[in-house]
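To start, the structure itself, in C-alpha cells.
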Amino acid sequence: MSSTPLPTPRSQGRLARLWDSDLAFSFRSSPVTVAATLLALLLVLAAVAAPLIAPYDPFDPASLDLSDGFSRPMEPNEITGKVFWLGSDAQGRDIFSAILYGSRVSLLVGAASVLFSLVIGVGLGLVAGYVGGRTEALIMRVADVQLSFPAILVALLVFGVARGLIPPALQEQMTLLVLVVAIGLSNWAQYARTVRGSTLVEKNKVYVDAARLIGLKAWPVMLKHVLPNVAGPVLVIATINLALAVIEEATLSFLGVGMPPTQPSLGTLIRFGQQYLFSGEWWILLFPSLVLVLLALSINLFGDWLRDALNPKLR
Amino acid sequence: MSEAPFVEVRDLRRVFDVSKPWLNRVLENAPRQYLKAVDGVSFDIARGETFALVGESGSGKSTVARMVVGLLPPSDGTVAIAGVSMNDVDVAQERQRLRRRIQMIFQDPYASLNPRWRVGRIIAEPIRAFQIVEGEAAINNRVGELLTLVGLHPDDRSKFPHEFSGGQRQRIAIARALASNAEFIVCDEPTSALDVSVQAQILNLMRDLQERLGLTYLFISHNLAVVRHMATRIGVMYLGRLVEISDGKQLFSNPRHPYTRMLLDAVPDLAMTGKARDGVKGEIPNPISPPCGCTFHPRCPLVFDRCRIETPPVIDGVACHAVNEGRVAAA
Amino acid sequence: MLAYILRSLMQGIIVMLAVAFIAFSMFRFVGDPVVNMLGQEATLQDRAELTERLGLNDPVPLQFARFVADAAQGDFGISYRQGRKVSSLILERLPATVELAVLSAIFAFVTGIALGVYAAIRRDGWIANLVMALSLIGVSLPTFLIGIGLIYIFAVELRWLPSFGRGDTVALGWWTTGLLTTSGLKSLVMPVLTLGFLQLTLIMRLVRSEMLEVMRADFIRFARARGIPERRIEFRHALRNTLIPVITIAGVQLGGVVAFAIVTETVFQWPGLGALFVNAVQFVDVPVMSAYLLFVAFVFVLTSLIVDLVYIGLDPRLRTGNPAMAK
Amino acid sequence: MTVKEAVPVLSVRDLTVEFVTRRATLRALDRVSFDVARGEVLGVVGESGAGKSVTGSAIIGLIDPPGRIAGGEVLLSGARIDDLPQEAMRKVRGKRIGMIFQDPLTSLNPLYRISEQLIETIRVHTDLDAAQARARAIALLDEVGIPAPERRIDSYPHEFSGGMRQRVVIALALCAEPEFIIADEPTTALDVSVQAQIIALIKRLCKERGTSVMLVTHDMGVIAETADRVAVMYAGRIAEIGPVREVVKQPLHPYAKGLMGAIPSLEGEAKRLVQIPGTMPRLSAIPPGCAFNPRCSQAFSRCHVERPELIAVGDRKVACHLYDESNAEIAA
Amino acid sequence: QARPLKWAAAGDALTIDPHAQNEGPTTSLNQNIYESLTERDHAGKLLPLLASSWRVLPDDPTTWEFKLEANVKFHDGSAFSADDVVFSYERAMQPTSDFKGYLTSVEKVSKVDDLTVRIKTKGPNPLLVNNTSSIRIMSKAWAEKNNATKAQDFKNKEENFAVRNANGTGPFVLVSREADVKTVMKRNDAYWAKAKVPLEITELTLVPIKQDATRVAALLSGEVDFVQDVPVQDIARLKTQPKLRVNSGAENRTIFFGMDVASADLKGDNVEGKNPFADKKVRQALNMAINRPAIQRVVMRGESVPTGVIMPPFVNGWTKELDAAPPTDAAKAKALLAEAGYPNGFSTTLHCPNDRYVNDEGICQAAVGMFGQIGIKVNLVSQSKSIHFNLIQRNPPETEFYLVGWGVPTYDSDYIFSYMYHSRTGSQGSWNATGYKNAEVDAMIQSLSKEVDLPKRDATIAKLWTRLKDETIYLPIHNQSLSYAMGTSLDIPVDVANNPKLKMVSFKGS
C-alpha cells in the first residue's frame, strides 16, 4: 500500500482530550452554564449529604419541639432560645434541614421517575422504531393518548387510582413509589416519540445493515448499535424532565396529593408555607420556593446548554 | 467459466408494496400499488471475478445487492452462493456459516460505521461474532493487521470514525469486511461519495486486495468509467431489469442495448474528442407504473410497435427486440 | 386529502375510545359505585336492587358499550357529590374554562411566536438573550408559585386586580361570559397570564429553535442568493416553514391548556372545569372525574383535528392526491 | 471571447476567507485570484473542501459567520462589490449575479408554488406588474425546457421531478438576466442521464445571453466538455488555471497531474489508476510552504518553506516552484 | 338602600336540599333560606322560630305538640301550614335523608289543625325539641309540584329539583346558585318575622374560597366583606388592619383521636398478635404524651381550648372536672408503656383529614412528634375529608387510629354517647370506629332517650362520663375556636355551631 496514514497529532490522555473536546469547550465558554451546573451540583450534593449536613432531622417527628415553632431566621426562638438559620415552621421544624431533606425527596422522586419513564419510553420507542408495522402503530397510538393528557392530570389520576387500590395502612410507605410511577407514567411518551424518530433514522443507516450482515439479531442490534446513537436527545430530554419532574412533584404536593407532611418534599414545604403568605412568616414559603426554583432553573440551564451543544444543526 | 459459478442469481424479483394506506385506497378507489424494484434478474459470478452492475438511480442495483447478501428477502427467485441458497429455510445453519464469507461495503462511508464505536471495536465485531480468533490479544492483533492491510495505522483503532476522512473511513469499512475472512464482497457504490483522488486510492486498494486474497466482487456503480476500470463483466440495469450483460471491454467497445449506448453517450468526454453527443431524452419513468412492453421504449430511439407491447427476453446477453431482430447493426 | 382528514377523525375516535375505557374502568373499579351512591345505611336489598338497576351485573363489554353510548349522548350520570347531572355541571363550568383557556392560548401563541421570531432574528442581541433567559426562568417556575406571586403583588399589595373568581359575568343564553364586564376582564388578567406563561415560554423557545433551523435551510440560502429582501425571507419564507412543526407541538400543548388549567383554577378559585375536577378528585366523585377525562380527551382530539386542517392549509405537500405527479 | 477583453465580468483579487473557530482561524481561501471574461465559462475543480463553494459564496457575499472575507477584492464589471453595504449587495444578488445550488430538492421553498417563487424574484428585481411578471415567468420556464409551462407554473416543487426542479432553479437564477452565474455542482444530485441535459441547458442559455459562468464541480468530464477555462483548487488556493484543453491534457501542477490520472477513463486500457497518496490536509493543519508538498512526489526543500505564487506558463498560470525559472533544472 | 354582603367560606354547601346533607357548611347556607320549628342563637340557646310554642302533652309523655306561627309565607307566596311541617318531617325521615338520625325516636308526625302539629315518639323523649332546630321545613305543594318529595335520590338517575331550587320561609330568597362558585340570595322583603330581626342585608352572596391565602387576600382587597373561616395564622395580621374586625369565640366542637381498642390484632402496627390499644395503660400513656398547651399555643395560635373530654362546654353533662386533661408527662407515659409490655414502644398509622378542621393536619403532625417522644412511632396519612370519613364509617372501619371532630347540635351528651360510644348496632354508634362495645354502657345510653326524669337522666349521664373518661377510648385534644373576620361596619358574633345568623346582621357606621 503506497498510501501513508495521516499522522495523529493528538495523543494526550483521555481526560485531557475530554477537556479539549468541543463539548467541554462550549461548556467552559459559557459562564452561565458553568455557574448553573455548579449550583445544580451543589444542591444535589447538599441533598444527598443531607443527613451529614443538616443540623436536625426533620423527618423524625419525635425530635421536633412544638415550642420551637415559627422561629424567625437567625433570631433566637422566643421560648426555647434556639436559633434556626432559615427559621422554623409551625411544627418547630428547622427550615434549613427541611429544605435539605426536602430536596432529597424531590430529587429522588424526580430522578426515579425520570428513570422510570426513560426505561419505558426508550424501550417502547426502540421497539416501535425498529419493528415498525402494527407494533409501532399501537405503541405510538398509546403514546398519543398519553400525550393528550397533561402530566399533572395523569399524575392526579394515577395517584387517585393508587389511593383506591393500595390499602390505607400501606399508603404512607407507598407514596414515594406512587409519585414516581405517577410522574414517570406521565412522561414516557416523549421519550418514546423521540427515540422512535431517531431509531427510524438510525435503523436505515447502513451501519445497522453491517451489523445485521454478521448475523446479529434484532435486540443486540437495537441495544448495541441503535441505542447509543439515540442517546443524545434522550439525555437532553431526561435532563429537562428532571427539572420538570421536580416541579411536577411540587405541584402534586401543592394540590395535596404529594409526600406526607411528616416527610415533606420541597412541594409539601411550599404548600405549608403558602398558608403563611399573609401572616408574616414569610420564611416558611420563601426559602423552599427559592430552592425549588433555583434547582429547576439550574438543571434547566444545564439541559438547555446540553441540547444546543448536542444539536449539530445549531451553531 | 468452466467451473460452477460462485454466485448464482436466478430470476430474482423484488416487489415493494407502496400502496397508499387502506383508507385512501377505499376512498379513492385506488388499487394496491406495487413497485417492482427488481424484476427477473439472473446472473452468475465466477470465483475471483468482479461483476459490475450499472444503471441510473432507482434501477434496482442496491436492491439486488441487498438480496444477494441476504439483507432483504427476495419476492421470488433464488440466490445461491457456493451452492448454498441464501433464502432457503432448510439450509439456515449452513447459511450462518456462509455469512462470514460474504460481506458488504456501502456507499456512504459516513453512515456505514457506528459513530459511537471506536474503530477497533467496529472491526472486531465480525471477528467476535464469527469467532474467527479467540482471546482479546489475538483479536487485537488481527485488528491491527487488518488496519495495516488497508493502509491505516494499527493505532488508529482507538479513534472514533469521525476522526477520519471519507477515504479512510471507507478503508475501515473494507477492513471490517475483510475481518471475517470474507471471500465475496458486495460493494454498493463504494466510491461515489469520495473525491476522485481518494476514489483512485480505494479502487486501487480493492484491486490489490482482490489479487492478494482472491476476492470475488459484486461491484455496483452508476459511474461507467469506474465500472470499466474495475469489472470483468458488467450488467446494465434499467427499471429493475437487466437489459444487457457482457464482458467488460465489449460493453464499451460494442454496446448493444440502446440504453447502454445512451448511458455511454451521457458520459462527458474527458478526452475531448469533440464527438457530438446525442442528448439523452427524458427522465426515468415512475417505477410504480413503468411503461408496458419494454420499459425503455418511451426514451428509445429505436422504438417500434412491438416494444410497446412485448417485454423483450434476454437473449445472448441483451434484452432488446431491435437487437434481437438484428435491426441494429452492432456498432 | 379527504382520506387524511378521515384518518385524523378515526385516530380521534380511537383516542376517545381508549380514554372512555379508562374512564369506564375508573367508574367501575375505583371504589364501588353502589356504595358511593347509597351511602352507609343502605340495606343489602337496596344494594342488590341498585346493582341490578345500574346494570352492573351485565358482562363488562356490554357495560362499556352502554357507557360509551351514554357518554356519546352527553349522559355521564349524576354527580355523587352534587346530585346533579354531570353534563349540566360541565356545561355550567365550560364557559369559564373555555374563556380562560382560549385567551391564554391566544396570549401564549401570539406572544410566543412574536418573541420567538424576534429571538431568532436578533439571535445575539441583548434583548433576545434577556428574553431567552426569562423564558428559562419561566420554565423553572411552578405555575402555582407564579399564581401566588401574582396574587400577592397585584391583589394584596397593589390591590389592582381581584384575587379570585371570574368577577361579574353576563349570560348569553346558557353561556356566561366575563368578557363584557370590567370586573370580568380584570379577573381574567392574572389567571390568563399564569396559565399562558408556561405555554408562552415553550412556544417561544420552540419557534426560536425551529426558525434558526429553517434559516439554515438551502432554500433560504437560495432565496438570499436571488436577492430577496431579508425581511421577506424571514417573514414569508422562514416563518411559514417554522410554523409547521410549531403548530403540531403547540397544538398538542394548547389542547392541553384546558387541563393545565387545573392548577391555575385552583390557585385563583376559577370556577371552571379544572376546579370541578380537583374537587371531584378530593371527593372521589367518579362520574365527574370520568366525564372530565373524556372532556379533556375530546378537546385534545378536536385540537388535533384543527391542527391537521391547518396543516393542510399550510403544507401543499399534504394536499396533492395525485401520485402521477410525484417523482 | 469578444473584444471587451479589457474589463472582465468578474475579477477576483487575492480573495481570502477565514473561519474563526475557537482553536484557530481557518483560512478556507488563501489569496485566490482569477478573472472571468464576458461569455466565458470558468470551471472550478478540486477535492471536497478545497474551497470551491466558499469561493462562490464569497463572490455573492453570502459567507455566514463565523466566516468572513479577510482580504482581497471582488470586482463585477470593474466595480468592487465585496465592500457593498448589505442592501446594495442584495440588489446585486439575483439581479447581476445568479446562483444555482447543488440540490434542487432543497433549493425551493416547499410551501410556495413555482409561480409564486418566480414572480416574487422577478418583481423584486424589475418593475413589472404581477401579470407581466407571470408572463415572464412562463416564458422563462419555457426557455428552460419545461413542457406546458402555463399549466405547470402553478405546481408546487414536490410535484416536479429532480431534473425539472433543477430547471426551475435555473429559471429562478436567470430571472433578472444576470451577467454572471455561479453554478455550484448543479448536477451532482441528478441522475446520470439528466446531468448531461442540465449541463447542456446551462451552456446553451449562457451562450444565448452572453452570460458568464463559474461552474463548480467535481466532475472533470463536465468541465472538459463545458468550460472554456478551468481552475484547479487545492486547500483553498488555486493550483493551476488555464484553458481547459491544456489543463486536462497536459496538467502542469503535480496535483493536477495526479487528479487527471486518478480519473478512470472510458477509453484506453484499464490500467492502474494514478494515486495521490494521503488526503487533502485539514484547514487547521495546512503545511507551510506549498500546501501540496506532503503528497507531492516531486517536492523539494523550497516547497516546504515557501508558498508558490501563480506563475504564468503560456496561457496558464500555475502555483508550483517547479515552474519557477530559478528551479528549471529540477523541473526537468 | 342596597346593602350587599359578600360572604366567603372555605367550603360550599353540598346541596340546598334541606334534608340531603347534615353537614356544617350546608346547614350554614340553608338556614338562610329554610327555617325550622326552633332555632339556636349564636350562643346555642334554643329559641322558637316557626313554632311559637311547644309542649309535651300532659297526658301522653310520648307526644309533643307544636303551635305554629300564623301569617308565615313561603318565598313563592304560598302560605305555611301544618301540612308543610308534616310533609317535611316525613321527608326528613325517609331513608335517603341525612337527617333521619335526629328523628329515630319519632313514630309519627301528624297535623292537628292548620297551625298545630304533633310528634309522637316511640317512647318518651324529653329532649326531642332540641332536635327540631335541625329539621328545616319546605313547602309541600312546591315539592310535590316539582317532584322533589324525596331527599336526593341517586336511584332516580335524575337530579332532584330541590338540589338547585329552593322555596323556604327564610329571610333570604335564592336567586342563583353555582355550586363551588357562588350562591346569590336576596332579602325576603315579605319575611314573616321582619319585625323581630334587623334583616339589613339586601343581597347576600356566598363565595366558597378554598385556598386559605386567597380567602384572606379577598378580604384584604375588599372583594368580600365577611370571612367565615379565618385561618388561625392570619388572625393576628387581620387584627392589625384598621378596616377589619375579627371576632373569635368557642365553637361547639371537640377535636380528638380515636383508636381501635377492640380488634385482636392491628394491621398497621408492628406488634404481632396483639393490639396495644386494647390495653388501657397504653391509651393512658398516649393521652399523657399529648402536650395540649403546646398545640394550643403553636398550632392553634391560641384559638382553641384544651380539654380532657370529647365534649364542648355547651353540652348538657359538661363539668369542669371532666374537662380537665391529664398533664403532659412523658416519663410517666413511658413507665405506663413499659408496664403494659411495650418498653420500646411500637409503631402504628394515624389517619388524619387535611381539609376539615382548623389546622387538622398540623395537630396530627404535632401529635405524631409527641407520641414519638414516648417511643411510639406513628406514620401519618393525611387526606381529604371525604376519603378520611369513609375510612371511619366503613364497617368494619378501615382505620385503627384517627382524628375526628365532633359537634353537638342537640347540646346534649346523648348525641355524643350514641354516635361515639354506643356499639355499632342499627343506627347507633355509626361514628364509633373504635370497636368499643360494652353492653352495660349501651343499655345506659339507650335508657337516656326514654328517661323523662331529667335529674335522673343527668345522673346517668354523669355516671357514663366518669366511666368513659376513665376508659380513655378517645384522646381529647381541644375544643375548637372560631374566628370571623369582616369589615368594621359589621359585627357578626361567632356562632357556636358555626352557622352565622346573617339575618341578625346590622350595618354600623354607614
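Should a chain be cited, it is by its letter among A, B, C, D and E, assigned in written order, with residues numbered from 1 in that chain.
The definition used in the following text is that contacts are C-beta pairs under 8 Å (C-beta built on N, C-alpha and C of every residue); 3 or more make two chains touch, one makes a residue touch a chain.
Values in this document were obtained by computation on a predicted structure and should not be read as measured data.
A.B. asks: In contact with chain A and with chain E at once: which chains are those? Just list them.
C.D. replies: Correct list: C.
A.B. asks: Could you let me know which interface, A-C or A-B, is made of more C-beta pairs in contact?
C.D. replies: Most C-beta pairs in contact, of the two: A-C.
A.B. asks: Computing the C-alpha centre of each chain, which chain sits at the greatest distance from chain B?
C.D. replies: Most distant chain from chain B: E.
A.B. asks: From the mean C-alpha coordinate of chain A to that of chain C, what's the distance rounded to whole Å?
C.D. replies: Chain A and chain C have C-alpha centres separated by 25 Å.
A.B. asks: Just the number, please: Cα centre separation of chain C and chain D in whole Å.
C.D. replies: Going by mean C-alpha positions, chain C sits 53 Å from chain D.
A.B. asks: Approximately how many whole Å separate the CA-defined centres of chain C and chain E?
C.D. replies: Taking the mean C-alpha position of each chain, the two centres sit 40 Å apart.
A.B. asks: Among the residues of chain D, which are close enough to touch at least two other chains?
C.D. replies: In chain D, 161, 275, 277, 279 touch at least two other chains.
A.B. asks: Which chain C residues touch at least two other chains?
C.D. replies: 148, 152, 156, 266, 282, 284, 326-327, in rising order.
A.B. asks: Do you know which chain A residues sit against two or more other chains?
C.D. replies: Within chain A, the residues that touch at least two other chains are 3-4, 6, 256, 274, 277-278.
A.B. asks: Considering the complex alone, what residue numbers of chain C touch chain D?
C.D. replies: Touch list, chain C to chain D: 217-219, 221-230, 232, 237, 240-241, 244, 314-317, 320, 322, 325-327.
A.B. asks: Would you tell me which residues of chain C are touching chain B in their complex?
C.D. replies: Where chain C meets chain B, its residues are 2-3, 6-7, 10, 321, 323-324, 326-327.
A.B. asks: If we count contacts the way the header does, which residues on chain A are in touch with chain C in the complex?
C.D. replies: Counting only chain A, the residues touching chain C are 141-142, 144-145, 147-150, 152-153, 156-157, 160-161, 164-165, 243, 247, 250-251, 254-257, 267, 270, 274, 277-278, 289, 292-293, 296-297, 300-301, 304, 313-314.
A.B. asks: Which residues, counting only chain B, touch chain C once they are in their complex?
C.D. replies: Against chain C, chain B makes touches at 20-21, 23-24, 27-28, 33, 286, 288-289.
A.B. asks: So in the complex, the part of chain D that touches chain C is made up of which residues?
C.D. replies: That would be residues 60, 62, 86, 90-95, 98-99, 101, 103, 106-113, 120-121, 124-125, 155-156, 158-159, 161, 169, 172-173, 175-176 of chain D.
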